[in-house]
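These are the structures, in C-alpha cells.
Here chain A shows up in two complexes: once beside chain B, once beside chain C.
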Partner chain A sequence: MIDWYFSHIVLIQSTLTTLLLALSVQVPLRAGVFSFAGVGCYGIGGYIAAIGMVHYGLSTATAILLAAVAGGVVAYALGLLIQRLTGLYLAMATVAFTLIISVLVVNGGDLTGGAAGLFGALGMLDTGHLLAVAAVVVAALTFTELGPLGRRVEAVREDPELASAMGINVARYRRATFAVSGVLGGLAGSMTVLLRSTVTPDDINFHLVVLALTIIIVGGSRSWIGALVGTVIFVWMPEMLAFVGEWEDVVYGVLVAAAAVYLPGGVTGAVVDGYRTYRRKRRETADSPPDAPPPQPAAAAVGGDS
Partner chain B sequence: MAQHILNAVALGSVYLVFALGMALAWSTIGILNFAHGATFMFSAFTAHVVTQHVALPMPAVVLVAVAAGALIATLTQVLAFGPIMRRATDHRSAELRILIGGIGVAAIPLAIAERVTASAPFGFRGSTYQAQVFEIAGLRMTTTVLVIVVAGIGIGVGVWRWLATSRQGLALRAIGVDSETASLMGVDRSTLALGTMATAGALAGLAGALLTFQLGAIAPASGDQLLIKAFAIVVLGGLGSMGGVIVGAFVLAGAETFVLAMNQGTWVDAVSFGLIFAVLLLRPQGLFGRKEVRRT
Partner chain C sequence: MVSGTVEDVGEARDAAATECVLRAADVAVHFGGVKAVDGVSIELTAGRIFGVLGPNGSGKSTLLAALTRLVPLTRGSLEFEGRRYDTVRPHTIAARGVARTFQTVRILPGRTVFDNVALGAESAGSAGKAERSRARQRVRTAIERTGLAGKERHRPDELSYGYQRRVEIARAIASEPTLLLLDEPTAGMNRQERDDITGLLGDLRGEGLTQLLIEHDVQMMVEACDHLFAMNFGELIAGGEPEAVVRHPAVQEAYLGTQGRAHA
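Then we have the complex of A and B:
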C-alpha cells in the first residue's frame, strides 16, 4: 500500500488538482452558466503563486490564499462585465478571456518570465494538504447541491424566467458562480504550479479548456461526484491501459463525442438513471397485485415538494 | 506599406474561406462546428500524405484537400451532429452537446496527424507546383497569393450572393430563422444540413490547401487557433450576415498585419481574442447582424 502510494504520488496529486479545475467549470455549468473563466483563473492563480514565491518570497499558504482570492475577484469582475451574454456567446467570451491571459503573461517581462515562464516556485505541499483542500471544497459544494439551495440552483439552470418569477435573484446566482469558479480555478492553478515548481504561458491553452469540459461531460455535470469520476477516468486511464497511452487523444476524442451523443448526463447520470429505472421496475412488480388501485403520484408530489 | 496591405489581403482571403464555412453552418442549420479547425488541418494533412506518394500539380492537391474536407464534415454530421439533433429535447441542450461533440470529434484527426508527423509542420513538398515570383509596381507577388486572393474573394462573394438569391439559399435561411416552420413549408432539413456541412467542410479543406501553399507548411495544432479567429470574424461581422463575414475577415487580417508590422508579434493572438471580447460587450449583434437575432 505504502509502495503503491509512493509510486503513484504524482497521479494522486494531479487527480486532486485536476478535480478542482474541473469543478471550477462545473459549478457555473450547474447553474446554466456556460463559462470557462475558471480555466483563465487557473492561469492567473498559477502565475500569482509563482510570482509570489519567486519574486516576493511568500509562504506556500499565503501564495495559495492570494491566488484563490485573486481568481475569485477577477472572475467576479468578469462576470459583472459579461453578465448580459448567455449560451455560446458567453462560452466564447470566457474562452477569449482565458487565452488573453496566456498572451498577457508572454508579454509580462521579468515579472512573468515571458515565454520561458517562471521556475523554482516549489511550495511546501503534500498530499494531505491537497486532500484537505479538496475535502473542504467538496463539502461546500455538496451543501449547494442539496436542499433548498440545490433546488434554487437547479431552477436557475433549467428555467431562469420561472426562477426569477419565484423570487430567485437569477443574476446574483450567476455572478456568484463566476466568483466560486474563480476561487476554485485559482486554487487549482496555484497548487499545480507549486507542486511542479514551474509555470509557462503554454500551460494555459485551449487544450486545458477542452480537458476540463471533457472531464465533466464524460463524468457527469450535475454533481461533484461526476467531476470526480471524470477526473479519475482521464488522469488514470493512460496509466492503467498501455494501449490507451499510445492512442490517448484518439480515445479521449471518441469518448467525448460518444458521451455528447449518447450520455448527456455523463457516466454518473447514466448510473443514476439506470438505478432509478431499476428501482421503479422493482417497486412496480412488488406492489401491483391485480386489484390494487393505481398509485397517485400527483398527491405525493404536492406533499413532498413544498 | 503597400506590401503590408497585400499581405493582409492574402491572409484575409484565407480567413474568409475558412470563416465562411463556419458561418454558413452556424447561421443556417445552427451548428457551431468546433471540429471545423480540425477539418481544415486534416484536409491539408491528407493532401500532404497524398503528395508524398504522387507528384501532383496544384489544382489536384487543392482538389484532394477539398474532397477530404467535405468527407470529414459529412462524417461528422452523420456520426455526431445528426444523432445529437435527433435526440436533443430542446435547442439549448442541443447547442451545448453539438459544441462538446465537435470538441470530441476535433481531437481525433488532431491526434492522428500529431502522431504521424510527430507534431512537426507539414507541407506539399511532393507537389509539382513552384510559385512564380513577379513584381507589379514595386510589389512582390507570387502566383500563390494571386490564386488565394482570387479564390477567396470569388468564393466569398459567390456564397454571399448564392445564399441571398438562390432557392436553396432561401431554404437555408428559412431554417436559420425558424426550422419548424421551414420544414412545414417543405424544406428538407436533414438533407440540407448534410449538404451544408459538406460545403462547409469543402471550404475548410480549400482554406487548408491554400494556407499551406502560402506558408509552405502548417502545424497540426494550427486548426484550433484558426477556429477562434473564425469565431472572432463571425461575431464581428454579425451572425447571419455573409457580407459581415467578408468584412470581418479582412478587418481581422488587417489588424493582425498591422500589429505584426509594428513589431509586436507576441501580441498578434490577442487581436482576435480582444476583438471577440470587445464586440460581444459593445455590440453583441456584430457590425451587420440583425438586432432580433437570438443570443441564447
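Then we have the complex of A and C:
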C-alpha cells in the first residue's frame, strides 16, 4: 500500500488539484452560469503564488491564500462586467478572459518570467495539505447543494424567472458563483504550481478549459461527486490506457464521445437516475392502485395568452 | 372602490374607503410596435378576489408579468401597499409579499413536491432553526390545503397536469403572501378539481388574502370573483360586478361572442 502510494503520489496530488479546477467550472454551471473564469483564475493563482514565493519570499500558506483571494476578486469583477451575458456568449467571454491571462503572463517581463515562466517556487506542500483543502471545499459545496440553499441554486439554474418570482436575487447568486469559481481556480492553480515549483504560460491554455468541461460532462454537473468521479477518470485514464500504447488518444476520444451521447447526466447522473427508478418502482408496487386522476393534456392546451 | 357599474372602468377612483393593496395606473407594455398592454389602470382592494377576463392575446398574462416586474413598463406606475415599485427588480416585490403562479406549469423537474413547495416557503430568508421549522410547517399546511397530501415525495413527472398546477398554487401560498396572482390556475383540471381550487381560493379570501385571477373559464370566474376586469387588445374594456361585466356589450363582442354563449 505504501509502495503504491509513493509510486502514484503525482497522480494522487494531481487528482486533488484537478478536482478543484473542475469544481471552479462546475460551481457556476450548477447555477446556470456557463463560465470558464475559474480556469483563468487558475492561471492568475499559479502566477501570483509563484511571483509571491520567487520575488517576495512569501510562505506557502500566504502565497496560496493570496492566490485564492486574488482569483475570487478578479472573477467577481469579471462577473460584474459581463453579468448581462448568458449561455454561449458568456462562455466565449470567459474563454477569452482565460486566453488574455496567458497573453499577459507572456508579456509580463521579469515579473512573470516571460515565455520561459518562473522557476524555483517549491512550496511546502504534501498530500495531506491538499486533502485538507479539498475536504473543506467539498464540505462547503455540499452545504450549497443540500437544503434550502440547494433548492434556490437549482431554481436559479432551471428557471431564473421563476426564481425571481420566488423572491430570489438571481443576479446576486450569479455574481457569487463567479467569486467562488475564482477562489477555487486560484487555489487549484497556486497549489499545482507550488507542487511542481515551476509555472509557464503553456500551463494556462485552452486545453485546461477542455479538460474541466470534459470532466464535468463525463462525471456529472449537478454535484461535487460528479466532478470527483470525472477527475478520477481523466487523471487516471492515461495510466490505465497505457497498455493501448499509441491508440490512447483514440480510445480517450471514443470514451468521451460515448459518455456525452449515452450519459447525458454523466456517470453520477446515470447512477442517481437508476436509483430513483428503482425506488419509484418499489413504491409503485407497494401502493398500487394509482390514486392520481389521469392527466388531461388536451384541456391544458386550451387558452394560451399573449 | 367597486361601484357595480361597468361604464366607469379606467376612471380614477377614490380608494380611501377601502384599503388598496395594489394600484396600477396607466400601465403600458409595448414590444416594439405591439401594444401588449396599453393604458391599463386597476386597483385591488384587500381581501377580495379580482379576475381578468379576455380572449387569447388580449394582454392578460403580460399585465400579470408587468405587475410582478418580469417585463419592464413602457409607461405607467405601480404601487403595492402604498409604495411605488415600478423600478424595483422582480425578486424585491416577490419578497414584499406578491406571490404568483404561471400560465404554463413551472416547477423544478428534478425535485419532489415537498422541495418545490419549500422553494416558496423559504425564499423570503430562512436563517435559524426556528424559522426553518416554521417554513416546514408552512410547506406542510400548503400541501394539505391544495390536496397534495401523500404526494410530498413524488416528482413532477409522476403527477398529472392538474396536480402539477396544485404544486404551483401550494408553492405560492406557502410564502404566505399579501397578494396572490394566479395565471389560469385551473387550466387542465376536471370539474371536481376545479371546484376544489375555487373552494380553496374562497377559503383564502376568508382569511383576508387578496387575489387576482386570470382565466378563460367564464363560469368559474363569475363564481369565484368579487370583481371582474375584461381586456381586449391590451386595453380594459369593462370592469365591475362579474355578472354585469360578462353581459357588457363590449365584452360580449370581444370575448363571449365566440366562446362565452355556451357558458353565460
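Just so we're on the same page, the second predicted complex is superposed on the first by the 279 of 306 C-alpha atoms of A that agree within 3 Å, B and C clash if a C-alpha of one lies under 4 Å from a C-alpha of the other, contacts with A are read in each partner's own complex, and residues count from 1 in each chain.
Criterion: a contact is a pair of C-beta atoms (placed from the backbone, for glycine too) under 8 Å apart; a residue touches a chain by one contact, two chains touch by 3 or more.
These figures come from a predicted structure and were not determined experimentally.
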First (chain B), second (chain C), both or neither touched by A:V261: first
Which superposed partner A:A116 touches (first chain B, second chain C, both, neither): neither
Contacts of A:L80 with chain B and chain C, given as first, second, both or neither: neither
Contacts of A:V136 with chain B and chain C, given as first, second, both or neither: neither
First, second, both or neither for A:R152, with chain B first and chain C second: second
Which superposed partner A:S164 touches (first chain B, second chain C, both, neither): second
Residues of chain A at both interfaces, chain B in one complex, chain C in the other: none
Sites on chain B touched by chain A in the complex: 32, 79-80, 83-84, 87-88, 92-93, 95-101, 103-108, 110-112, 114-115, 224, 228, 231-232, 235, 266-267, 269-270, 272-274, 276-277, 280-281, 284, 295-296
Contacting residues of chain A [partner chain C, same complex]: 148, 151-152, 154-155, 158-159, 161-171, 222, 276, 280, 291-297, 299-300, 302-306
Touch list for chain C against partner chain A, complex: 36, 54, 56-62, 68, 70, 89-91, 94-95, 99-100, 102-103, 106, 108-111, 115, 118-120, 122-124, 126, 132, 135, 150-151, 155, 158-163, 171, 175, 183-184, 187-190, 193, 214, 216
Chain A residues touching chain B - in the complex, by the definition given at the top: 34, 81-82, 84-89, 91-93, 95-97, 99-100, 103-104, 106-107, 115, 206, 210, 213-214, 217, 247-250, 252-261, 264
